[in-house]
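Order as written gives the chain letters A, B, C and D; numbering starts at 1 within each chain.
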Amino acid sequence: MASKKKNIYVNGINQVPVPMRQIEIVERKGIGHPDSVADGVAETVSEALCAMYKKEVGHVLHHNTDQTEVVAGISAPKFGGGKIIKPVYILMDGRATTYIEKGKEKISLPVEPTALDGVRKYLKKMYPHLNVDTDVILDTKLGMGSDDLTGVYKASNYLSNDTSFGVGFAPFSITDTLTKETEQYINGDMKKKIPAAGQDVKVMCSRVGKNITMTVCCAMVDKYIDDKEAYKSTMEEMHKYVLENGNKIIDREGSDVRLKLDLNTGDDYKRGVYYLTVTGLSQEMGDDGSVGRGNRCNGLITPFRPMSMEATSGKNPITHVGKIYNVLSNIIANDVAKKVKADAEIHVRLLSQIGHTISDPLNANIDIITPNAADDARLPKWKDEAYSIAADWLDNIDKVSEKIIAGKIKTF
Amino acid sequence: MASKKKNIYVNGINQVPVPMRQIEIVERKGIGHPDSVADGVAETVSEALCAMYKKEVGHVLHHNTDQTEVVAGISAPKFGGGKIIKPVYILMDGRATTYIEKGKEKISLPVEPTALDGVRKYLKKMYPHLNVDTDVILDTKLGMGSDDLTGVYKASNYLSNDTSFGVGFAPFSITDTLTKETEQYINGDMKKKIPAAGQDVKVMCSRVGKNITMTVCCAMVDKYIDDKEAYKSTMEEMHKYVLENGNKIIDREGSDVRLKLDLNTGDDYKRGVYYLTVTGLSQEMGDDGSVGRGNRCNGLITPFRPMSMEATSGKNPITHVGKIYNVLSNIIANDVAKKVKADAEIHVRLLSQIGHTISDPLNANIDIITPNAADDARLPKWKDEAYSIAADWLDNIDKVSEKIIAGKIKTF
Amino acid sequence: MASKKKNIYVNGINQVPVPMRQIEIVERKGIGHPDSVADGVAETVSEALCAMYKKEVGHVLHHNTDQTEVVAGISAPKFGGGKIIKPVYILMDGRATTYIEKGKEKISLPVEPTALDGVRKYLKKMYPHLNVDTDVILDTKLGMGSDDLTGVYKASNYLSNDTSFGVGFAPFSITDTLTKETEQYINGDMKKKIPAAGQDVKVMCSRVGKNITMTVCCAMVDKYIDDKEAYKSTMEEMHKYVLENGNKIIDREGSDVRLKLDLNTGDDYKRGVYYLTVTGLSQEMGDDGSVGRGNRCNGLITPFRPMSMEATSGKNPITHVGKIYNVLSNIIANDVAKKVKADAEIHVRLLSQIGHTISDPLNANIDIITPNAADDARLPKWKDEAYSIAADWLDNIDKVSEKIIAGKIKTF
Amino acid sequence: MASKKKNIYVNGINQVPVPMRQIEIVERKGIGHPDSVADGVAETVSEALCAMYKKEVGHVLHHNTDQTEVVAGISAPKFGGGKIIKPVYILMDGRATTYIEKGKEKISLPVEPTALDGVRKYLKKMYPHLNVDTDVILDTKLGMGSDDLTGVYKASNYLSNDTSFGVGFAPFSITDTLTKETEQYINGDMKKKIPAAGQDVKVMCSRVGKNITMTVCCAMVDKYIDDKEAYKSTMEEMHKYVLENGNKIIDREGSDVRLKLDLNTGDDYKRGVYYLTVTGLSQEMGDDGSVGRGNRCNGLITPFRPMSMEATSGKNPITHVGKIYNVLSNIIANDVAKKVKADAEIHVRLLSQIGHTISDPLNANIDIITPNAADDARLPKWKDEAYSIAADWLDNIDKVSEKIIAGKIKTF
């Protein structure tokens, strides 16, 4: 039970849930998209700093490292295997506590070496075709935060450091599921069959009625493809696998949508245009990336659903509501969705105010959406349940931080 | 009239428009917020390059410079006037065409000098308290784009260079209007009365029923404030002005909402915490900024409305649908809103596919939202009108580009 | 009179002075050579910091900023006027005191803004064809020095901070004078007649007996030269002026050497190779520069004379013997040369040891060189005079610092 | 025999060789000194590029990478083992050929990845206490050279690309030998006995008559030293070893000089000042480094001998006379010294002129120095021998390039 009355507003909204409407668009940027690379680097910096702070001083100190910039390199891909000509430049910026004072003693903290160590390992593990030692320049500009914010931070770990909000929804539609799982399939099981498929994948699903057009853009790894014919046949093979996998998902979910797949539509065989790369990452030859511009923390970009602009990756998991509230909104939405009838759409929005406690938002809003939710006899019960779920989570918000620090939550 | 049948889907949706619901949250980051600084720099780079390309080769060439990173500096603000200790570092990255080939001749193009020239002038004009010569380091990493994208670009200026979407809505609610105009007031007319108010302003409005809580966070310029007492009285004065102005807007719009204002709630006079800065910009002492993470191109962040994740600022205004479709979505939404009854909420989403013509989206969706839109007798007429508006704009999409190049469209 | 016995060793050396030998080589890099640009920037940073420290805390604080790196840009020069394509990147690094502690108060000092301010003004003043706002990126990495050195520094301003030496000689030979003054002429009076002559000039004189071959390499400013013919005639005109000026110097000095001039021998008109630049500075298109690799503090590079490897530019003028001893060695050599017969060659070398007082070198050596100096009856008198000159200067070594801080000493 | 008459001038000079004079100063910066780190990095880049060019196109292409800048980091050393707080930043700049054109095909060359690969391996091998993955940021700005220089280069591999000179002398004095071998001992055999001795060693020998004062400054590695007492006893032990080794060298050379050793004179035990580091490299906490400011290519800095200002490390070993002539001058000096009587001092200076063939210098000067060399009956024979040695080497100058490319020549 919640410790005290909170500003939680639960409403039933008479509205056709998105999955039942005529049109829906959903996008996912794969783990190799430059924006996802930036997100992953930023989140890794935060995770590495959390671990270092805990080791050095016993608890997490102030930091917000949600600011990595990935500047594209230059490559010369070619069938059979090309070369990286100019490395990608990755600037890790953001704020971090570089020292503390214990009485008269000043204790310096190895912020940038810790970040470099964590990120180097992360990139090596995540991107096997990328030679981190020669094809990436890792630079750092991680300084100390402003007095004002650190002032709030020092006073208590439970005060909000910013006026910002988190947004989540549940459950996933078939379009959502197809989008997310297709990228996971291409970067997962399909790799054993088609190693030539690179990690920079973009999946965009457009549903019109029961017809889903899925556009997949996938950077191909040149060393696995000998020539134009091989490229063409690899595309055909990949088209088959991705479509098969998509249809399996549709069957599994009991959906009746029809799937059409457009793969690498930017190619133009006649003019000799192929989406060929050395590393399977478009950052190698032209695409820059930034934190917070790709997937939301549920792994998707959903213009038909509410979204937050806050970057989740790289933010401090203890004090930054922009991170905690985004993660928590999705958790609450899913928990509420399970309690309410299956076809209801749940929206959650949590709004903080700087200087106030994190466990007590300025405004927590839960919308239960069905064509006649406002008039549904079960609404009072749903409201009570939703209130309890939200209040309980807010009272136990430290668990969200702990999950994030433990690396159990994906942020993009 | 539209040239041919397009994939435009207009729907009436039975749904309570956001302004009529219990809860609404709207945010605006002011022109001095680090994310807005990044947006402004990126857009300025694109504008400067467009002008240079037109001068040098007669038309705009491929570029996407939506990638500026603002790395915070260090300052030592104090009552009466402090100092910048470490400059802000601004990295302008992204892709731009650095040369063209005319027969055997290679013509080099002054991309980085052009960007530096434009941005230096922009910063000087926009931020009068910022000494661009000493308190900012402007760095550039503007290289050439990838073959694949430039391949599409060269074929025709009218092919989409990416699979992405634009999103817009109209009309503004009273919460939207209050949020946007409050920032414009603080950074506009109020400056004459309170020059101490800095340009880094964040306005967050949370409406619960008829009660709007507006949280304003405003960096104060130290040289205009002599001491703690002056700070306190400036806050009181500013509180009065902003509230008065807000109530004027409410009256003008004929709304009956009630406004409560929380100003600089992070301050803690007892502990000596004030939001004091040398330049009125929090980038001077701790806040980094990125392109595309702040306001959408309508100037707001609206978690209760559909939004796009695409950065509008800095993108190529000729070929990048991520820019054109976002701008156009809002234009169409406004035009449709004017034709339909006043309290309808209009959502527009335009989805492109790489390799297809920009004037023919894969999917253009217009939702007309009222509590009973689907059943409204006027719906067929509304649909026709909306279709015509969208089709006309798509046929004349070059006008959108031209407006952007001419600097007539704000992107953040 | 000297305060106490110092380790000053004066010797008469039986040796033919360099000007009387068959072979002599002397070089001067002009003020626009990338190494000279680096020297000038580094020295300007030090001068600006000295002024700032005196203003903020009353006296000069520890710094050594002898570390600027000039990374070449890219230009597209052409007859009639070309363009800068990529800016020159100038990294100002080195060490500087960024804060002091006054009791419990920490006073931050604006090191990097001060450096940027000074260097921007310096570049604008020195290089009129360089657009500092668009064609140069000024970056800074000026951090705090090591504990060890600052430990020495804090103890007393009069302790040496390094084990290093300074070297000087006097008087100048006709080859020295011709080399130095030719560059000064090209970058001085000749500019009015030939504005096309750029500031990146390299003068190399090779004397064999009485024949001096002077090789001059001069970057030309493209906007003043319309075509190949104009280039050719400018070269002829410049050849005439430089030779005339050289012969005037020879006459003035009463020398009987013969001067031959080779101008821009890298040109190859048949193959269309001209030394054409936009700014008159080769840094714009290919030549990087570093501090301390160009002229010694007498303005020359003299492989037939003793030289120090220490960079003079940018070093702390109060505590860094690498700067003070180099400047002082030349002063002492000149003072001694005036007391001794005109054709004697004077060498001075001053060696410090870390932790010892600057006014008491580990080893001060003055060599008086004539074909029979060791046997000259006047040697005892010369020795006494030389000892007094050196001892007096060492006792008044603060005057050297003061002259440097006042900008009265050239360091390259 | 030489192919044609060259401008080689051999002279006998009546002069007391430096080893016989009263005063002599010699310095060596150890392999861990920041300037030596910069030299080593620059030379490694050139070596790596030579190998890459040979592999990719069959021969070495134009490059000059003599421009590395080492920007100091921040460390927190302490007895028993401290931490790196901020990484060292190493900028590799300079010019390199990034592509060639073969007919219509443009072949891109992996310049920066090659440099990163070579340097990373070099640093790991050379500096075992330095964690290259976390304590160093490697950045690159390696662009294409200017048209003028590349014009000369393309015409023939045997044209000089610059007007510059090389300087060498032989044989080494006892002071030279002691200086060089002491550093090699400390960074060689002594390491097994005293692993705490870091690689940043500076050896400065000042000889007055028969008394040599050797000042050694050595960064100590903190993890091997438990406390102040251990530091003190390590200093005493190291003092003993270095002195013993020095006296062994003196005995071996049959010299009668007396050696006094001053070790880490900047320490001040009372005030708690120790020369303690984490990595044994002072770059970790305050000392920046540049190419070409440390040892000449014979491994020494010798203010009593002729020296060149040219950086040898990193320059192109095929066309840059600044590199080849410096290396060759020392080779010729040593070969001549072996032919002439043992106590003669040999000076060699080679001067090129841009556009002329490298094997035919504008001016090659060999001075044979003894107290009465000009009058020695053997002078004509010495002159013939010296001429032949120099002429033969110039005719076979490619062998010098080959030795450098093969890594058989040390450049600092």
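Following the convention adopted for this analysis, a contact is a pair of C-beta atoms (placed from the backbone, for glycine too) under 8 Å apart; a residue touches a chain by one contact, two chains touch by 3 or more.
Source: prediction; values computed, not measured.
Trainee: Please indicate which chain is farthest from subunit D, where distance is taken between mean Cα coordinates of the chains.
Mentor: Result for the farthest chain: B.
Trainee: Starting from the mean Cα coordinates of subunit A and subunit D, work out the distance between those two points in Å.
Mentor: The computed centroid separation for subunit A versus subunit D comes out at 51 Å.
Trainee: Where the centres are mean C-alpha positions, what is the separation of subunit A from subunit B, in Å?
Mentor: The answer is 22 Å.
Trainee: Report the inter-centroid distance (CA atoms only) between subunit B and subunit D in whole Å.
Mentor: From the centre of subunit B to the centre of subunit D is 56 Å.
Trainee: Mark out which residues of subunit D touch at least two other chains, giving numbers and ranges.
Mentor: 74, 86
Trainee: Viewed as a graph of touching chains, is the assembly arranged as a line, ring, star, complete set, or other?
Mentor: Basically the chains close up into a ring.
Trainee: Can you list the residues on subunit D that touch subunit C in the complex?
Mentor: Against subunit C, subunit D makes touches at 7, 9, 11, 13-16, 21-23, 25, 27, 67, 69, 71-72, 74, 86, 89, 91, 93-95, 141, 143-149, 151-152, 155, 163-165, 167, 202, 204, 206, 208, 213, 215, 217, 262, 265-266, 268, 271, 273-275, 282, 285-288, 290-294, 296, 301, 303-311, 349, 351, 353-356, 362-363, 365, 367, 371.
Trainee: Which positions of subunit C touch subunit B when the two form their complex?
Mentor: 74, 76, 83-87, 98, 108-114, 116-117, 120, 131, 133-135, 137-140
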